[in-house]
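Letters are used for the chains, namely A, B, C, D, E and F, taken in the order the chains are written, and counting of residues starts over at 1 for each.
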Amino acid sequence: MRIVVANVNTTEAVTEVIRAQAVAIAAPGTEVLAVTPRFGPPSVEGNFESYLAAVAVMDRVRAVPEPFDAVVLAGFGEHGKEGLAELFDVPVVDITEAAAHTASLLGRRFSVVTSLARTTGQITDRLALTGLSSRCASVRATGMAVLELETDPERAGDRLAAEAVRAVREDGAEVICLGCAGMAGLAEQVRDAAGVPVVDGVPAAVGLAELLVRQGLSTSKVGGWAAPLPKEITGWPISGA
Amino acid sequence: MRIVVANVNTTEAVTEVIRAQAVAIAAPGTEVLAVTPRFGPPSVEGNFESYLAAVAVMDRVRAVPEPFDAVVLAGFGEHGKEGLAELFDVPVVDITEAAAHTASLLGRRFSVVTSLARTTGQITDRLALTGLSSRCASVRATGMAVLELETDPERAGDRLAAEAVRAVREDGAEVICLGCAGMAGLAEQVRDAAGVPVVDGVPAAVGLAELLVRQGLSTSKVGGWAAPLPKEITGWPISGA
Amino acid sequence: MRIVVANVNTTEAVTEVIRAQAVAIAAPGTEVLAVTPRFGPPSVEGNFESYLAAVAVMDRVRAVPEPFDAVVLAGFGEHGKEGLAELFDVPVVDITEAAAHTASLLGRRFSVVTSLARTTGQITDRLALTGLSSRCASVRATGMAVLELETDPERAGDRLAAEAVRAVREDGAEVICLGCAGMAGLAEQVRDAAGVPVVDGVPAAVGLAELLVRQGLSTSKVGGWAAPLPKEITGWPISGA
Amino acid sequence: MRIVVANVNTTEAVTEVIRAQAVAIAAPGTEVLAVTPRFGPPSVEGNFESYLAAVAVMDRVRAVPEPFDAVVLAGFGEHGKEGLAELFDVPVVDITEAAAHTASLLGRRFSVVTSLARTTGQITDRLALTGLSSRCASVRATGMAVLELETDPERAGDRLAAEAVRAVREDGAEVICLGCAGMAGLAEQVRDAAGVPVVDGVPAAVGLAELLVRQGLSTSKVGGWAAPLPKEITGWPISGA
Amino acid sequence: MRIVVANVNTTEAVTEVIRAQAVAIAAPGTEVLAVTPRFGPPSVEGNFESYLAAVAVMDRVRAVPEPFDAVVLAGFGEHGKEGLAELFDVPVVDITEAAAHTASLLGRRFSVVTSLARTTGQITDRLALTGLSSRCASVRATGMAVLELETDPERAGDRLAAEAVRAVREDGAEVICLGCAGMAGLAEQVRDAAGVPVVDGVPAAVGLAELLVRQGLSTSKVGGWAAPLPKEITGWPISGA
Amino acid sequence: MRIVVANVNTTEAVTEVIRAQAVAIAAPGTEVLAVTPRFGPPSVEGNFESYLAAVAVMDRVRAVPEPFDAVVLAGFGEHGKEGLAELFDVPVVDITEAAAHTASLLGRRFSVVTSLARTTGQITDRLALTGLSSRCASVRATGMAVLELETDPERAGDRLAAEAVRAVREDGAEVICLGCAGMAGLAEQVRDAAGVPVVDGVPAAVGLAELLVRQGLSTSKVGGWAAPLPKEITGWPISGA
């Protein structure tokens, strides 16, 4: 099985973190192809950047030589899943939904702890469309930028753990979802601090993608995520590939 | 006052329809600048196209020489409002929300009648995020493509009117929203057939944009729609302008 | 265009505040007719008074010589919009809904800051029926009575600003709605303190009423707000006019 | 125990129907005082009439010599409960909420069958504020006016039974609520036709009022239904009593 | 009339407390039959115990010689109502729903104050299925075990009162529901401390059960609570009776 | 890895169907231990039976010699997940939630097609607590009993396919969930008829259980699903094992 895992930002180091998480969870026979968009922001922290990243991811995944068996969208709370679901016949799993569905199996309420406060609204909206708002106790932010996870992991871990503890004590969270694809290395610290299961969306999504493939399941094509109509599109693909 | 009204597709004829609607409602002193994206699909009928259009609109509006006083996103049910809201200091009004808010003033429940069935889910999601799901009786489709509004307006009008009548009789709609920016000329026919007020999102949005400007109101910048962080973005703007 | 703006209480000074706000936003050709009920309480602070005011407003507006083009109900969170909508063929806009719809264009979540705590529940219910509960972060009260806005505007402004700041910091509000028709003069102070857009329902409603008229739109008469059946009603109109 | 049961319309014959229902369910020691408003419409079929009736009922109940132990608002889906709850220290029970709470004990979903279609929206709103929307399968109308229940009871019964059957078969109702205070005599026919329990709001409300009194419970006065502030109110009480 | 009131735990002392409450509210002609399950936990504090208690209650009530007129399930927030509703033709009232419906008549929002924090989620879920989540301000816990109500009633009362005060001040509760069948003796203390009506589910449920019987109403048998199909069930009844 | 898969009814043939599905999806190193309750009904079709089955499953799984790595509750729409989640440290996955979460990855809306109409309400409630009501288009029933799936599979398949087609055409379903653990062999027929992905809860749940184990995740023990308090429980375990 071959799974394409798409980072949403252009920072290769984040792609490597994602790749490592994906490889670690993937079954023995699964090949992970982690890709980086050819344009867009080095970190995605807001709607403008997220819409741009959505298109950059579609542009990049489209350039991956077929066949592949599934696509994982590795940006927490980002736009684009429905577009990818339309473009490909294989299953598409977004790490936001993967984390939320997984967390819902483990406790009555989960909280998301993410980077900057400006992204919490966008995450809240994505969870609302996923249908899982009633399972979400809160979306909290550490106030640290995405790339600070790379440059100051220790402080990031401390802040993340502190917010997770508050989510459990003050908001009634029973599970924590890491709200950023690049927080991989910090799950253990958060778990130890908060005393609850910590869900990382990348392994959750890669595992779910594998599981859909094993069940022979893929995106429904009769409704909202049907394949695009054949149509001449000016300037697409954007990267020209 | 100067209002930028952005078509979401690359079809100039649709931009002209939108421009005419905007000009017709605008107050005497208001200048309407109707713009067409420099890339993207000739009609937007699905999520892939809608995400691409969202970026193409941001790319195009960014190239409009300042100053302007407001931006209208003239694609019904399309992505992108939050991105535009971040990019500019002036108010941004999406015709979907404009139509839904306007219809809510006129009756207990409204229905949207749009073109292809594949877009009803996307419209439903936008209304859900707008918060007005409980005011929406149904989202119906005529089964005709967006550009058929141009090529076969008579049949489009008949189909639209027929669905509007069904929305009123079967779904309890008391108001109809036209679910496509290019349906301007058909409002009267629909109103006559269905016997209820018919809201066209383009005049609704242009009027609301003017009204926000007159009240000295613009997008809040403290939360989810704050200006993007300063950041080097590869390949942006896409059109190079 | 001629717009009737109805104060809900019998205090002429409040009617004057409302009239001034209405005139300030109205387009050049619009005549504002601000009216005061002929009976009822000097301030409306609770359901008993609000129901009485609803009837007093219907009684008063009914006595306005036709023609007029729209009616604005200028009591925040008060009862009566549906009754007015039934009685007249012209559009009726309630300042509560006008403020909530307007605020929803400007940010993800708004808070209302009103006078007495006893009225917050009623406002919450009105917003729920408007469908915009999910956009409302909180309804807060300053604890000052409506008429203290007239007698002690300085203290009222300080308290209002303080609650607005709390709404932004603690509740996640990105926009503030002034929760009383008589708070007009305090918007600037609140905006400066809270750093977010401040919506005043009176100009919002007058502007929306004008906009509906310009679009040729009025209340749907096929459903819940159809004209009353012809019927002999004992004691109506109450003022005998 | 002494319970005031207030008809919402001025038709004495309906008051008599209500009184009979109330007396039939009341416990041996309970005195029922059925009252008719001194002004307002002969039947309440819409929001304008309902707001007027709300005030007329408050005006009428205020004129009942104390002491009494509870008040029942006997108009299905009508306005006014919150106002009565503020005005009196004794418990106030609305037949709409009484029917809905009672029906919720008897099955998963209930439907309301009422008179004219124009009132279904108002009933829907009242149920929404009661919190029981998710338990309501549908609100259906027979298309017959309230007073036709008096003038053509046979046809009314047939139409009511027919709608009840549809509610059970098509909407999944497991319980039927009679949507009008004057439908008392028709419950048996509806039950026989639809094969489900039929709840009449008047006995439900009178019984609940008695039960609250027996438990020593009354309206909370700390929040939204606190007693009105002492205040000079022009023209109140309206009937001058 | 004969009403079976089923304790959910095996502690006879709690059954006695429940019996006393039931007898105190019951009408003169009503016989109360308080029963204790033949197996299960001495107190029910969690889902495992609650499911077991649900079956133990069904097993115990089934052994009560007919005829009886109604069944009350006297465990706050516990499982089992739907099973009892299927098993018997007479009405079944759960004290959770009885308390929530009763509280909804008395104020805009109620809070539940229960024993251990681990049971708050289960109570929240029951209220959600009852449909009354929007009327519930909070579910709070004292942190004391159910049986400590017996062994240390003074401390239990103080803790309960303290949480009730917090619910009113911090959560906006206007009514308090006692979240445990064994809290009967503490209502007065809570009411005095919190200044709001306090609803005890046992009298509320017994009164409602009587009231349903007096109205000739019982569980609907056409849908989700229809009688079980005739079927050989291994090991049932569990107690062999 | 060793996964316990618990049938909810006492029919060994159904356990075999479930075992086969579980084995088919399980990864090479996974041992499936399919178990049958020692008491309870031969098929579970209603709440009484479902509560009994919940306890029977807890009784049966408790008797499985440790260690095992996860538990799957293989009864669609049945009670008991929260009890199992409390009893064991390993993850517990219910096939209802597994199917609903899986279907949500594949399309905007899913429908459940189950056996008897009397169970649709219970399924609806389970989905509501899962939080996924907004993703559920409908719950439909074939009208065939659970054991008829064994005795008349051809007719069962036809009826199932017919309801699935209706769910897609009339309710807007984009994915179908098989609403019974014993429908395994019929997925292909349904998929061919309805033209949408068909999710079978047993493989979905077994795969999710494996995936949780691989991620090192298990039930949160800080809140609603914490381990039962140590307590002497009369008559437990019921089977005496």
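As a convention for this text, contacts are C-beta pairs under 8 Å (C-beta built on N, C-alpha and C of every residue); 3 or more make two chains touch, one makes a residue touch a chain.
Since we're looking at a predicted model, the values are computed, not measured.
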{"item": "Numbering shared by both copies at the chain B-chain A contact, with half separating same from different", "value": "same"}
{"item": "Chain separated most widely from chain B, comparing mean CA positions", "value": "E"}
{"item": "Cα-centroid distance, chain C relative to chain D, in whole angstrom", "value": "29"}
{"item": "Length of the line joining the C-alpha centres of chain A and chain E, rounded to whole Å", "value": "43"}
{"item": "Distance from the mean Cα position of chain D to that of chain A, given in whole angstrom", "value": "52"}
{"item": "Junction residues of chain D, two or more chains touched", "value": "108-109, 121, 223-225"}
{"item": "Sites on chain E touched by chain D in the complex", "value": "25, 27, 91, 93, 97-98, 101-102, 104-109, 130-135, 168, 172, 174-175, 195-197, 199-200, 203-204, 207-208, 211-212, 214-215, 217-220, 222-225"}
{"item": "Chain B - residues contacting chain A, complex", "value": "10, 38-43, 45-52, 54-56, 58, 79-80, 82-87, 117-118, 120-122, 125, 128-129, 145, 223-226, 228-229, 231-236, 238-239"}
